[in-house]
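Structures given as structure tokens follow.
Each of the next two complexes has chain A plus one more chain, namely chain B in the first and chain C in the second.
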Partner chain A sequence: MTSKLALRGIAVAYLGLLVAGPVAIMIWQTFSGGLAPVWDALTNPAFLHALQLTLIIAAIAVPLNTIFGIVFAMVIVRREFRGKPILTALLDLPLGVSPVVVGLALVIVYGRRGEFGGWLADHGIRVIFALPGMVLATIFVSIPFVAREVIPVLREIGTEQEQAARTLGASDWQIFRLITFPAIRVGVAFGVVLTVARALGEYGAVAIVSGRLSGRTETLTIHVEERFLAFDLTGAYTASLVLAGLALLTLFFMQRLKPRGSD
Partner chain B sequence: MSATGYPLGAAGAAPGSPTTAGRALSVSTPLSIGVITAYLSVIVLIPLAAVVFRSSAGGWDVFWESVTSPQALAALRLSVIGSFVVAAINAVMGTTIAWVLVRDEFPGKDAVNALIDLPFALPTIVAGLTLIALYGSRSPLGINVAYTQFAVLLALLFVTLPFVVRAVQPVLGELDRDMEQAATALGASSWTTFRLIVLPNLLPAVLAGVGLGFARAIGEFGSVVLISGNIPFQTEVAAVRIFSQVENDNVTAAAAIAVVLLAISLTVLLIIALFERWSRKHDQ
Partner chain C sequence: MGIAVRHLRKSFGSFQALDDVSVDVPDGSLTALLGPSGSGKSTLLRVIAGLEEPDSGEVVIGDQLATDLPPQRRNVGFVFQHYAAFKHMTVRDNVGFGLRIRKRPKAEIRRRVDELLSLVQLDGFAERYPAQLSGGQRQRMALARALAVEPRVLLLDEPFGALDARVREELRDWLRRLHDEVHVTTVLVTHDQEEAMEVASRIVVMNHGRIEQVGAPAELYEHPATEFVMSFVGKVNRVGDAYIRPHEVVICHPEQAGCIPATVERVITLGFDNRIELTLPDGHRVWAQLTRDEVARIQPATGQVIGVDLSQSRRPGWEPGGYEPARPEPVPAAVIPMRADDERGWRARSARG
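What follows is the complex of A and B.
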């Protein structure tokens, strides 16, 4: 019994010192100067621009990765073809790549010195230090989530209902809309939540490709860093709390979506 | 059961149901394979291949020089050793926390359980700032570890917290307790029971979680960059070294260090995948 209490104490203390304590202190320090400085930080044009840019990037990256993820899962689960293990491995690759390396890779391909980037620049298309590069970086780091959630669900549901629908004369689109999608809906939603969280919170990859131009290519996470380095702790903490709030919302949805019986 | 919510266990690793192409929903196969291949190639494969290609642009000598320059070597060493230390701590603490969450009951357990996911949801730059709030120069505890190697460890521990816990938790939950009870009845101490009965069953999950945490830690950037101070030869990790090389327009050197990082983390992920396949076969 005592060993049980000791283990509980160790686990709770570890989590308190590592996670709960730091988060609580940050919240407390954010409001230590009252609400006025927080309000100023929230209405700062640079913050609002960063928030807007972050949402725009997520609004492009998340739908693309969602559609890709569903198609990828359908193909991987339902089809046999050569090179399938390679595609699966490729899907997981972003999980093992440092965000900084992602940014570096995009700079090499799309930077003005790169062959392809030079050609694009000649045609007036900027990728690095501009929105397209930041979107590409965000897509890269959040690519696997939807597919990874949908693949096991698709495996489990099998194809009997789809075959039945087919026999009754349903078209492909009807089958997807009425049979397949409702069955994988929770998996898709879970994947989308993870994708959104990653897209809103990505820092390293976006920091490299954006050039961190204040008021132009500054996302929320880059804004946090910029405020911190400018010794504006309240500004940095306030923007952090906005991001943390989005993270908590993510956690909330994850808990709600968690299929019964998984714990 | 299906959606664990965690990118554990490689997608597609589970033995698939037999493919019933026949009359199920048919996606045009060549077209959709083409689309997903093109998407993955443009976004992931070509850029990463370009890094490898670029790292060799100056020949082997330049590559070797970039990787073994004292500053790069120090950064790589810190990342590798730091990730090993973090992996070891995660193995012990992650298993302990999972144990408490599965086998113990106490008020507030749900909150503790939800806390585990926080490092996964929180942006890395925010993770670093929260640590600065408690362990930086304005620490209310009077503990200031900013700009030390300990700060690097702290940041890596924060971001890798969920991996082992979430890998071990479901396995521990499904473990049959008869054997443990038998061992106890035969007079084994709780530690002996854990070591000889429980631990061997948990080991594959622990190792999978540790490996994923290691692969994450070795390339970690956002959570480390503010609290470590990035002092060359002391607190500069490999990812920060790559970042500053890019900022200094030294892309080839950055690519060389990146290739080393890629090689290490892919090796680790490959070992996990092989180990998972092996232990699954072993089970059957």
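What follows is the complex of A and C.
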């Protein structure tokens, strides 16, 4: 009994010190000067641009990674082919490699001096220090989450439900829409939450490929740091709160994807 | 509609699951594919459904060549061992799935699903989810779902395999009656010979990817075509290179002519059905099936030496008079004397055999 309480105490204290405490202090600090400075920070054009850019990047990267993740998981679980372990290992690469390395690699390939980047620049397409590069970096670092969540679920549900649907006359698309997707929905939802969180919160890789031009290629996370370094604590805290709020909003929407009847 | 398969072959890697299989399933019949695991019976069923592609050979359903048809267009009902229930759908949506795919009007689907649920005795369960049903109920739901699209044939892959013994028995009986009602050509895969004998009017015995014999249950039991069928369909004793059914083993007095002395090893009582396990002088073991009355008359006890008449044993060609004891046995020393009134019992038993 006492050991149970002690364990619970440790868990609460750990989370309190590391998560709840700092967040609470941040919220308190944000509003310590009243609402006016917060409002100023929220209407600052650089902030608004950073928010818009972050949302645009997430709006491109998350759907692409979701579709890719589902397709990848289906291929890995449902098909037999050689080189499957290598493909699975490749999927995990973004989790293992530091984002800074990812950013540098992108600069090397797509930068003006790179082979491919030079060719693109000749055709008027700018990748590095522009939106395409930031989207690429975000896609790269957030690629594994959906597939990682969906693969175990697909393995668990097996193929019998799909085969049953097939004998009942369902086409491949109908089987996916009516049988497979509802079954993996929770996995997809968790994967999307993680992907969104990563896409909103990515700093290292995006910071390198963006060039951090305030009002042009600055995302929210970069904006937070920029404000912090400029001694504008309220601006930094406000932007941070908006980031946290966006993450909470995603969690809330994904909760609604929970399946009926399975519990 | 009837099913005909011709010269089917299918291998998985180096494993030959189907080896030149040809068989006809008559229209409206209830046929069982019976065999041990790995005999190819499930593969054959899945090839008929289109869930597995044969390496060569043909599948004809009704008068249509179905070999190249995808499963969606074969119009077969398939029931899986583990139900394959659509977990995120209610019972109603599960059963109505095939009709929704076929874009039938909502009112019609509703009416048809209600009909089917009542046919499989699940009225009142329409709004439940599969997780809220027992195994037997889930399998009945899966059956209703398969029947909803009015399939040309109904294919059942070990449908009762995951259920406990009592429910299994109930469902067998129920399936038999359902088939009498709906008359759809039904193929049932099972490894349980009792299930096959009880439910099916025709049995296809398979072994190592080949068909051993096709026939009515009684035919297989009385006239097994191969050693495998003899040993797989019905209980059998192997004595040397001859076989004898346990109910054909006649208990007699050890000194009677044609009787072989045998030592009682164990007496098993299962109510009406009783078994005596015996050891012959040459070391062979046989067991005899006796009725309760016979046991009461003979009163066998472990260690007792009684006599057995194995004259009904058969060799693989099935001509009678199979088993010959290695040499004429001297009567063992420790014969326990039997009660005088036993004689009548022996004779009654011999006459019956």
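Going forward, the second predicted complex is superposed on the first by the 229 of 263 C-alpha atoms of A that agree within 3 Å, B and C clash if a C-alpha of one lies under 4 Å from a C-alpha of the other, contacts with A are read in each partner's own complex, and residues count from 1 in each chain.
The criterion applied here is as follows: contacts are C-beta pairs under 8 Å (C-beta built on N, C-alpha and C of every residue); 3 or more make two chains touch, one makes a residue touch a chain.
None of the values given here were measured: they were computed from a predicted structure.
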Which superposed partner A:129 touches (first chain B, second chain C, both, neither): neither
Contacts of A:183 with chain B and chain C, given as first, second, both or neither: second
First, second, both or neither for A:167, with chain B first and chain C second: both
Which superposed partner A:244 touches (first chain B, second chain C, both, neither): first
Which superposed partner A:80 touches (first chain B, second chain C, both, neither): first
Residues of chain A contacting chain B in one complex and chain C in the other: 163, 166-167, 179, 259, 261-262
Of chain B, residues touching chain A in the complex: 1-5, 7, 10-12, 14, 16-17, 19-27, 29, 32-33, 35-37, 39-40, 43-48, 50-51, 54, 93, 96-97, 99-101, 103-104, 106, 112-126, 129-131, 133-135, 138, 140, 154, 157-158, 161, 169-170, 173, 190, 212, 215, 218-222, 225-226, 238-240, 242-243, 246, 251, 254-255, 258, 261-262, 265-266, 268-269
Contact set on chain C toward chain A in their complex: 49-51, 70-78, 80, 82, 84-90, 97-98, 101-102, 129, 131, 142, 145-146, 148-149
List of chain A residues in touch with chain B within their complex: 3-4, 7-8, 10-12, 14-15, 18-23, 25-26, 29, 68, 71-72, 74-81, 84-85, 87-88, 90-109, 111, 113-114, 136, 139-140, 143-145, 147-149, 151-153, 155-156, 158-159, 162-163, 166-167, 172, 175-176, 179-180, 186-187, 190, 194, 197, 200-204, 207-208, 220-221, 224-225, 228, 233, 236-237, 240, 243-244, 247-248, 250-251, 254-255, 257-259, 261-263
Chain C partner contacts - residues on chain A that touch it in the complex: 160-161, 163-171, 174, 178-179, 182-183, 259-262
